[in-house]
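These are the structures in question, set out in turn.
In the two complexes below, chain A is the common chain; its partner is chain B in one and chain C in the other.
== the complex of A and B ==
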C-alpha cells in the first residue's frame, strides 16, 4: 500500500480550498470579533472575489481537462469552472442583499456568511466531482449549510419550520442517494463516474442497476425540486430569509442541475438514452412536462409573491430538464443549457432582491396587496422588478427570452416528434406563466396603495438591483459573448 | 446473480412471519384482563413517579453535540494510528520496515484534521458554549 499526493492537484482546486479556509476564518472572526455583522458580509465578499479570480485564471489558462485529481475524485474542466463562476457571482449578490436585509431584521451574525461560503464550496465540490463519493460529500456540504441558512432567522417560527422540513426531506433524499450509489457499486465495483460510464453499458438491464439509478434520480429530483419531489419547495422558500431564498433558487438549483448533467453523462450510455421503449430519456421527458405544468398551474393561484416565485422556480426546473434531455442526446449542445442557467440565476436573484428590498422589520410585505402602488413611490425598483418578471416569463428584450430561444432551438435541432411536442408544451406553459408574472406588475403600476412601503434604504441592495437588471438587459440584447463562453464550457473540455 | 440473495429473502420472510404469527396468536388466544396496575408504563419494576413528558435542559443537547464531535475524532484516530506506518512511507512497507523513503503525508493529514477541529473548538469556546449557564 502506498499513498501519494500530487501537490499540483491542490493548485488545480485552489479556489475551492481557499473558499473553505476563508469560511472557517469568517466563522472564527465572528466568534472572536463579535459585534457588528456588517464587516462579515464584506469579508465574505472579499473571499468570494479572490476565489472568483482564481476560477477566472483557471479558465483563461485552461489547456486540457484534469480528470484524475486525487486519484479520479475531482475533475477540473470548463463545465465545472463555468458553474463555479455562477455560484460565486450568486454568492456575492446574495451577500450584498443579506448585508442590508440582516441589518434591517436584526440578525447580523457572521455565521450567516460563513455558511454561505461553505455552501458555495460544497457546490463547487459537487460539480467538480469525478466520483460518486466526492459528489455526495459536496452535496452534503452544500445541503447542511443551506438547511442552517433557511432556519437562521431567530424568533421566526416559519423559518425554523421551513428549515426543519427541508432538513427532514433532504435527509431522506440523501439516504436514497447513498443507497442507490451502494447498489450501483455492488453491481459495477466502482464509484468513479468515468469508469461507471464504461461498465454500466453491459449491465443496463440488471434490476439492481435500475433500482440504484432510480434512487439516485429521485434524490437529485428532490434537490432541484422536480415534480413529484417538489412538496418542500414552497414552504422552505417562503419561510427562509429572502436572500437565502434567492440563493437557493439561483445557486442551489444551478449546482443541482450541474451535478445532474454530469450524472447523466456518466451513468446513461448513448444507446440507453433514446425515445425507444426502454430509453431513460422518456423518464426525463415525463418529469419535464410534469414539472413545468404543475409548477406553473400552482403558481397561478398564489397571492404571496415569495411563494409564487417558489412555484416559478419549480416551473423553470421543468424547462431546464429539456436541457438535460438535449445534453444527453448531444453533449455539444451544452452552451444553450448553461446560458439558460445563467439567465435564470441572474433574473431570479434580482427578483428575490426586490422581495427582500420591500420588506421592513415590522412587515415582510410579500402579498400582492402589499405591492399596490409601489411604482408611484419607487419607479426605478418597480421598473427593475418588471424587467425580472418579463425575463422569467421569457419576453424580449430580456435574458429570459434568449435563454428560452436557444434552449428550444437546441431541442428542435434533433428533428424528432417527441422533442417537438416537448417544446410545444413548454411554449404553452410560458404563455400561461405570463398571467402570474403580470400580476405583481399590475399591482405595482395600476393599483393604489393603502400605505407607502418602507423599503430597505441600504445602498448594497440598490447595487444588486442595478447589477442584476443591467445583466438581464445585456444578456437579452447582446447574448453572444456569454453564449460563446457557455459553448466552451463542455464536460471534459 | 440475484439468486444468491435468495437465502436472505427467505430469512426476511421467516423473521417477519414468525413475529407476525406470534403477535396475532397472542392477541387471539391470550385472555385480556386489564387492571390499572397493569396499564402503568414499565420502568424496571418501579412505579413511575412523574410524567415522562418533561422539558430537557437545552444544555444537554449542546453537550451531546460536542461529545459527538470529539467522539468521532477519537474514532478517526484509530484507523489513522493503525495505518500510520503505511501513510508515512513512499514505497513499500515490508515486515514493518519502510523501503523507499519517508513522507510527511501521514502526519500532515492528521494535522489538517486537528487544525479544523481546533478551529471549531475555538469557535465553541468563544461563543461561550462551554459554559453551563
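== the complex of A and C ==
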C-alpha cells in the first residue's frame, strides 16, 4: 500500500478537474456579478469548450491499453473519453438553450450553470471510475446536481414536485446500488472493478454475488429509466425546466448507459453471470422488449409534447438495451451502441430545444393545440422539429435511421433466433412510434393556430437548432467518421 | 406544538398492508439464510462449528432489533415517534457494526447518525410542523400493492430456491486490526484518498443544490 496521489495522474484527469474548478469560478462570478441577465451560460460554455479540448487532446494522445490512475480508482480509456465528449457537447448545447430560457423564466443563473458543470464532472467521474466507490461518488454527484436542477424553476410547484419525486425514487435506487456493492465487497473483499471481475469469475453461481449483481443492475435500470423502474420519468421530465429535460434525456441517459455498459462488459462479463436462468442477458432481453413497447404505447396517448418526448426517451432506452445485450454477447460491437447514443443525444437535445423555444414567460405551450400553425409563422423551426422527429422515429436521411440500422445490424450479426425476435419487435415498435412522432408535425403544418406563438427570440436557441439539425443530417448522410470514432472507443482500449 | 402528546392507537388498520409487505420484504433474506442451513453442506458445516457462537448471536440480536426498529419507524404515523424509532434503529445498527468488529464505524454511527443527523431530523419535523395527513384506505392503490406483493413473493421465492441450490460462500476474511481508527485512517488516506477528495465535489453539489431550491421559496414570498 503506497501513497496514491501520484501528481502525474492529475494530468490525465485534467478535463474533469478543470470543469469542477470552473464550476466554482462560475459560482464566484455570480456571487460578485449578481443574478439575472448576466449570461453566465457563456462563461459555462467557455469552460466546457476548454475541457472538451482537453478530452480531445487525451483522445489523440491516448496510448493503449487503458491508464490506471490513483491506484486503480480511475481509468482513462477511449470508451470513457468518447462519453466525456458526448457529455460536453450536450452540456454546451444545453447551456446555449438555457441562456435564453433562464432569462425569460427568471431563474437565478449562476447556480444553475454551476450545477450543470458539476453534474457533468460527476458523469465524467462515473464513466472513468475503475472502482465501485468512485463510481458511486460520480453517480451521486451527477444525480444530486440533476435533482436540484429539476427543482430549480422559481415559483413552479410542478418543478418542485418533479424534483422531489425524482429525488425520493433516486435515493431508493442508490440504496439498492450501495447494498449490492456491499454484498459484492462482502464476498470478495475488494471494490476495484478489475480485481472484482477476476475474483467473481471463479465463483460461478455464488448467490450473494447474484443478488448483488441484480441490485446494482436494477439501480442502473432506474437511472436510465427501464420499464419496471420508469415511473418517475414522465413526471420528472415534464416538471423540469425544458433545457434540463433535454440534458437529462441526452447526457444523463448516456452516462447511465455508459456505466451500465462498463458494468456488464467489464464486471459481469463472465459466462456464468451472463447466460443461463440467472444471467443478466435474458433479463435484459425481456426488459428491452418491455421498455420499448410500454414506452411507445404510453407515448401514443399523450397530447403534451414534452411528456410524449419523455415516453419516447423510455422507448429509446429500450432500443439501447438491445445494444447492451449485443455488447454482452460481443464487446467489440461497442461502436454501434455508442453511435446510437450520440445520434439519440443530438436529436433529443434539438427536439427539447424546440420545446424550450416555443414557450414564453409563465406559458409553456407544450400541448399539441399550442403547436397549431407553427409552420406558418416559423417555417425554419418547424422544419428543424420535423427533422428531429423523423430522426427519433428512425427515418432516413437522419441520424436516427443509421443509428437503428447499425444497432439492428450488430444485433443480427449473431445469427440467433432470440436476437432476430428482438430486432423484429424493435422494428414493429419503430413503426408504431412514427404515429406519435407525426402528430406534432401534423399540428405544426396542417392545423390553423388560434394565435401566433410568441417564442424565445434569443439567437442562442437558433444556434442550437442550427447545430443540432446540421449534426442530425451529417450523422444521417455521412455517418462514417463518427462511426469510426465510436468503433475505436473500446473499453480498456 | 403538541406533537408528542398525540396518542397513536395501537390497533392501526390502515398501515396494515404496507407493514405486512415491509415485514415480508425484510424477513425474506432472513428466512432465506435459515433455509440455506438446511442444505447438506451447510448442515455438515454446522456440525463441525462450535455449539454456541457468541459473536453470531450478538449479530442476530442486533440484527433483529434493527429490523424491528425499522418496521416501527415506517409504521408510526406521528413523525416524532417515527424519528425516535429511527434513533433506536441507528443504535441497533451500531451494535451490528460492533459485532462485525468495526468499532470505529460503530462509534461514528452513534456520534454522527444517532446524534447529529437525528437532531437535524427532529429540527425539520418541528419546523415543518404537523402537516395534514392523507388518509389511506386499505383499498387505495390495491392494485399496486398486489403487484408489489407478487413481485416480492416472486423474488423471495427465487432467492430461496437459489440459496437452496447453493449456500452462500464465507465472506472474505478481514485482516488484523480491522475496523480500528488506525486501519480506517490508513485505508482512507492511502488507497481511497482520491475518492475521499472527490467526495468534496459531491458535498459542494449538495450545498449549491440546497441553496438553489431553498432560495426559490424566499423569492416567492417576496413576490407575494
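One rule holds for everything that comes next: the second predicted complex is superposed on the first by the 472 of 493 C-alpha atoms of A that agree within 3 Å, B and C clash if a C-alpha of one lies under 4 Å from a C-alpha of the other, contacts with A are read in each partner's own complex, and residues count from 1 in each chain.
Just so we're on the same page, a contact is a pair of C-beta atoms (placed from the backbone, for glycine too) under 8 Å apart; a residue touches a chain by one contact, two chains touch by 3 or more.
All figures in this text were calculated on a predicted structure; none of them were measured in a lab.
Shared-chain residue A:155: touches chain C; no touch with chain B.
Looking at the superposed arrangement, the partner reaching more residues of chain A, out of chain B and chain C, is C. Contacts of A:207 after superposition: both chain B and chain C are touched.
Applying the stated contact rule after C-alpha superposition, one finds that A:7 touches neither chain B nor chain C.
Of the two partner chains, neither chain B nor chain C is touched by A:417. When the two structures are aligned on the shared chain, A:28 is found in touch with chain B, with no touch to chain C. On chain A, the patch touched by chain B and the patch touched by chain C overlap at residues 1-5, 24, 27, 206-208. The part of chain A that touches chain B in the complex is made up of residues 1-5, 24, 27-28, 31-32, 206-208.
Interface residues of chain B facing chain A in the complex, by the touch rule stated above, are 1-2, 83, 86-87, 89-93, 103, 105, 116, 119, 122-123, 126-127. Across the interface of their complex, chain A is touched by residues 159, 162-163, 165-169, 171-174, 186, 190-195, 198-199, 201-202, 204-206, 208-213, 215-216, 219-220, 223 of chain C.
Interface residues of chain A facing chain C in the complex, by the touch rule stated above, are 1-5, 20, 23-24, 27, 69-71, 73-74, 108, 111-112, 114-115, 118-119, 121-122, 125, 131, 133-134, 137-138, 140-141, 144-145, 147-149, 151-155, 160, 163, 185-190, 203, 205-208, 210-211, 278.
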